[in-house]
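Each of the next two complexes has subunit A plus one more chain, namely subunit B in the first and subunit C in the second.
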Partner chain A sequence: MIQFYLAYQPIIDFFLLAVGFGYSQQIAFRAGVFSIATAGFAAIGSYCVAILATRTEVPIFMTVILATLLAAAVGGLLALPLARLRGAFQAIATLAFVQIILSLLLYGEGFTGGALGIVGIPREVNTWILLLVVAVTMYVLWNIGRSGMGRVFNALRQEESVASSLGVNIGKYHIIAFILSGAIGGLFGGLQSLYTFQIEPHNYGFAFIVNILTVVILGGRTTLLGPIMGALIMALLPEIARPLAENRQAVNGVILILVITFLPNGVGDEIVFWFRRRKQARQQRKRASEKEARDAVTSS
Partner chain B sequence: MPSLHLENVSKHFGGLKAVDEVTMEVRPGEITGLIGPNGAGKSTVVNMISGVLALTEGDITVDGVSLATDRADVVARKGVARTFQNIRLLPEATVLENVLIGFHRREEASILSQILGLPAAHRETRRFEEKTWDLLRRFRMEEYADYEAGNLAYGHQRRVEMMRAIAADPDIVLLDEPVAGMNDVESEELATIFKELAASGMALLLIEHNVGFVTRLCKQVYVLDSGRMIAAGSPETVIRDPQVIAAYIGTSGH
Partner chain C sequence: MLTQQILNGLVSGSVYALFSLGFTLIFGVQKLLNFAHGATFMAGAFIAYYCTINGLPFVMAIGFSMLATGLIAILIDLIAFRALRKRGNAEFPALVSSIGVDLILVSIAQQVSNTQVLNFPFGTFPIQFYDVFGLRISLLQIVILGVVAVLVTALIFYLKKTTFGRQVRAVATNERAAALLGVNAQSVYLQTFFIAGALAGLAGVLIGLLFNSIQFLMGEPYMLRAFVVVVIGGLGSVQGAIIASLMLGVAQSLTVAYLPSGLTDAIIFGLLFLVLLVRPNGLFGDINAVAGGTRQ
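And now, the complex of A and B:
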């Protein structure tokens, strides 16, 4: 067990961080927002922690809290100019946001260390802390899923005009979705910086965006299991496909295309949907037999 | 209970006067009919009242308070609900979930209590679920509670829309062809429910092509043709109006 942990610890940690970023990405999709701003939120969170942890006396725990709050606030503000955009336009605008954040990090050399980034960040985060934070995040998302907010997100994703005809203030809920996405992205960005010793703008560039989108698209856009399955595939793939290591990108691409074609909802969502449909079928049978019993009583 | 007034309301799409200086009233405790041939402007009226379309001219008020410039969600929160002529459901959600979202405007649990999963949030959800079951029983849809709405038969989908619209006890309900595509038995069942809703004090606006159905249910009927109000009054007088007869025979002869 211990040996297994030691051998696979980097993979497990990579997996847990990817799950966290996946949830930041997913909460936007759940609310029908095509944001890919997670990379920007993660960068904000990780730089906030790195700067505070290396240059101030702020307790480590507080640096993470501040990073979460800062990224949440930026998320909320970002939602305002984007309120009227949908679909591809939202994606482009949030991509522009990530570019702006990365340029600020590159050119704010005095403050951010420019292209070289920041080194010497204390390594305070381990697997257990990551596990704990992922669990807390899942708990919060589980609550949201069962609450009015979750119902509104589902409605916005499926049919915005219905939601607004029932009194849903679309702008308000998009802001909430961006704040949640920002908070989760900033939180895991902060943890990542306390894990990797060194960060640079490059960490949150194109590859990061593609990885996180892949996690959610492979895993699923609506269920808690989604990002877990997506991140699991992403973490295990290089291990399983070691003989194909040179063609890693190609293997990733092929798997992505296969999943999109045959499991369009993503592996995790499809699993949850399968169980859900089974349960629904059971309930349907139960209700039908109840009805028969009632009809028999009334007709006799 | 408040009533709904339209005062010289117009909607122009470029050069087309889809609705032209329409004045009408939808009173509480009654079913008010709105009929007219295809393209007369009936749905456009509903879309303007519900805040989906902006008015070109005129004013819409509920108890003297203007709705004319409100967004759709604001209109809904003021107690004006609607259904859609082309059914709009949450296709992936179950019937139960589709109706549950109808309670949105009654939600009081704070965002924090929802995020933390506090008992207040759970209690509220449970209360709405119980009310949803009451509605399902009333519309004889219990056995379909766990069906995905997108898989239902047409008539059942219309009922889901109805339940969702009335879930939060609106004062005014706009029904855009709610029994279209239903058989006689099904439409009679809904007619009974419409009468009950009116009797409970709601103001209902009913758009429907079946003139017989409208004349049986409505006290007051308005007739639109090419955006203009060509007749208004009791069903008996309206169906004898030569302009109305001409409008119907002149187009499709319903």
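And now, the complex of A and C:
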């Protein structure tokens, strides 16, 4: 077990970070928000931690908290102008948001290090911390999913006009979804910069957006298992087949097309749905047999 | 100096127009965002480059590359869009699958070019400068402006005056009603994709010539610019896209000349954000388009 861990530690860490970013992306999709702003939130979080950790005496733990809060605040602010937009327009606006963040990071050389980024960030994060944070995030999301808020998110995603006719304040819940997405994105962005030792703006460009989208689309957009399955496949695929690793981008592309065409719910969601259907079928059978037994008693 | 910058801006803006027209055409007809448009653009430049170094005359190379990118765009429709369109509610899935196509095309181009920056061989296009009213304008710039003007006029004529154009607009308004009236929607889709692809391919060749550099990632910044153009012009509006492209080209060359160049992107995308905030349907867009409100 220990040997397995040592041999595959970078892949496990990569996997855990991808799961975290996947949740940040997923919570937006889950509420029916067509946002791809996670890259921007991650960039904000990681730069916040990197700047605080290398230039100030703020404790590392606090830097991550501050990064989370900052990214959440930015998410909340971003939600206000986006409230009027839907669908493709939301996607374009969030893409513009990411571009603005990236170009500001490139421009503010004195503060952010420009294209070279920031180096020499203390490496304080290891696999266990990542595992712990992912577990806590999952716990929080699990509770949100089971509460009224989770049901509102589901309603908004499935049919917004019905949700609004049932008295749901759409704007409010979209803001909440953005704040959650921002907080999770900023949190894992911060952890990533404490893990990778150096960060630069290009880490959070188009490739980042595509990778996170792949994780969520491949895994599934509604269940907690989704990003885990997505990140697992994305992490293992290059290990299983070496030639695939060299053409990683093309493989990502083929996966995106095949999954969205033939398995639109994603692998993780399909698994969960299968178990749900099975459970429902079993309950139905049980009810039917109980009814039969009751009928047999009354008729005799 | 100022007028020179505006002229340069108009030239690059007219190439943006060529690129964005196809993008906005696809959105106007299908209501889908085609993220692979940037890769089609890149493919156009690549195909023209490999044709030229293999000895094809340059004009033929351009023609061949437009034909090829048109076919690539048709292939994109068949692979990435058709199945999703049949299932309905394809807005999000189509975005994802077109990103997939984009990744595949870019990665093929990366392999083909060995991650190198390519240049058209010297003398592919005669380098000549003219002085007009104190402005310095190159033959290439004149040709670009002329070609774009002719193509844009032809496209508007095609959309407004011909039977095919009427079919395209009918399908854009309501696919079902158009199909009931005997319009073959599939063929309309293929046509719009072919036109969009060919225009993008030509834009790729022109940009490759203008800056004399071709590389596998060249589509991405143009893709992002196309978003700005189509949002400001109104998604799906042809005239809006043309005006917005020219505006963007001029705005960009002016910010590069007079403001710190690192801020260009922030300003452009900030502008996009502002327009989305004030007029989500764009400055010239259809008021009844579905940018806001509840989703159906």
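Note that in this section the second predicted complex is superposed on the first by the 283 of 300 C-alpha atoms of A that agree within 3 Å, B and C clash if a C-alpha of one lies under 4 Å from a C-alpha of the other, contacts with A are read in each partner's own complex, and residues count from 1 in each chain.
Here is the rule we go by: a contact is a pair of C-beta atoms (placed from the backbone, for glycine too) under 8 Å apart; a residue touches a chain by one contact, two chains touch by 3 or more.
In this text, all values refer to a predicted model and were calculated from it rather than measured experimentally.
Participant: Would subunit B and subunit C fit next to each other on subunit A once aligned, or clash?
Facilitator: Subunit B/subunit C on subunit A - fit side by side.
Participant: After lining up the shared chain so the two structures overlap, which partner does A:170 touch, if you call subunit B first and subunit C second: first, second, both or neither?
Facilitator: In the superposition, A:170 touches subunit B and subunit C alike.
Participant: Looking at the overlay, what does A:142 touch: subunit B (first), subunit C (second), both, or neither?
Facilitator: A:142 contacts subunit B only, not subunit C.
Participant: One more residue to check, A:107. First (subunit B), second (subunit C), both or neither?
Facilitator: Second partner only, subunit C.
Participant: I want to verify the contact counts: of subunit B and subunit C, which reaches more residues of subunit A?
Facilitator: C
Participant: Figure out whether A:287 sits in contact with subunit B (first) or subunit C (second), or with both, or with neither.
Facilitator: Touch partner of A:287: subunit B, not subunit C.
Participant: Just to be sure I read the superposition right, which of the two partners does A:152 touch: subunit B = first, subunit C = second, or both, or neither?
Facilitator: After superposition on chain A, A:152 lies in contact with subunit B alone.
Participant: Touch check for A:5: first (subunit B), second (subunit C), both, or neither?
Facilitator: Once the two structures are laid over each other on A, A:5 reaches no partner at all.
Participant: Considering only touches as defined above, state whether A:95 meets subunit B (first), subunit C (second), both or neither.
Facilitator: It touches subunit C, and subunit B stays clear.
Participant: Check the residue A:264 against both partner chains and state whether it touches subunit B (first), subunit C (second), both, or neither.
Facilitator: Second partner only, subunit C.
Participant: How many degrees apart are subunit B and subunit C as seen from subunit A, counting from C-alpha centres and rounding to the nearest 10?
Facilitator: Result: 90 degrees at the vertex subunit A.
Participant: Can A:197 be said to touch subunit B (first), subunit C (second), both, or neither?
Facilitator: Neither partner.
Participant: With the superposition applied, I'd like the minimum CA-CA separation between subunit B and subunit C in Å.
Facilitator: Minimum C-alpha separation, subunit B to subunit C: 10 Å.
Participant: Where on subunit A do the contacts with subunit B and the contacts with subunit C coincide?
Facilitator: Shared contact residues on subunit A: 161, 164, 170.
Participant: Which subunit A residues qualify as touching subunit C in the complex?
Facilitator: 32, 34, 81, 84-89, 91-93, 95-97, 99-100, 102-104, 106-107, 109, 160-161, 164, 170, 206, 210, 213, 217, 247, 249-250, 252-257, 260-261, 264
Participant: Report the residues of subunit A in contact with subunit B in the complex, numbered from low to high.
Facilitator: Those in contact with subunit B are residues 139-140, 142-144, 146-149, 151-152, 154-155, 158-159, 161-170, 176, 279-280, 283-284, 287-288, 290-291.
Participant: Which residues of subunit C touch subunit A once you look at their complex with the stated criterion?
Facilitator: For this pair, the touching residues of subunit C are 27, 31-33, 79-80, 83-84, 87, 91-93, 95-97, 99-104, 106-108, 110-111, 220, 224, 227-228, 231, 235, 260, 262-266, 269-270, 272-273, 276-277, 280, 290-296.
Participant: Okay, in this complex, where on subunit B does subunit A touch?
Facilitator: Residues of subunit B touching subunit A: 50, 52, 71-73, 76-77, 81-82, 84, 88-94, 97, 100-102, 104-105, 107, 109, 111, 114-117, 121-122, 124-125, 142-143, 145-148, 164, 168.
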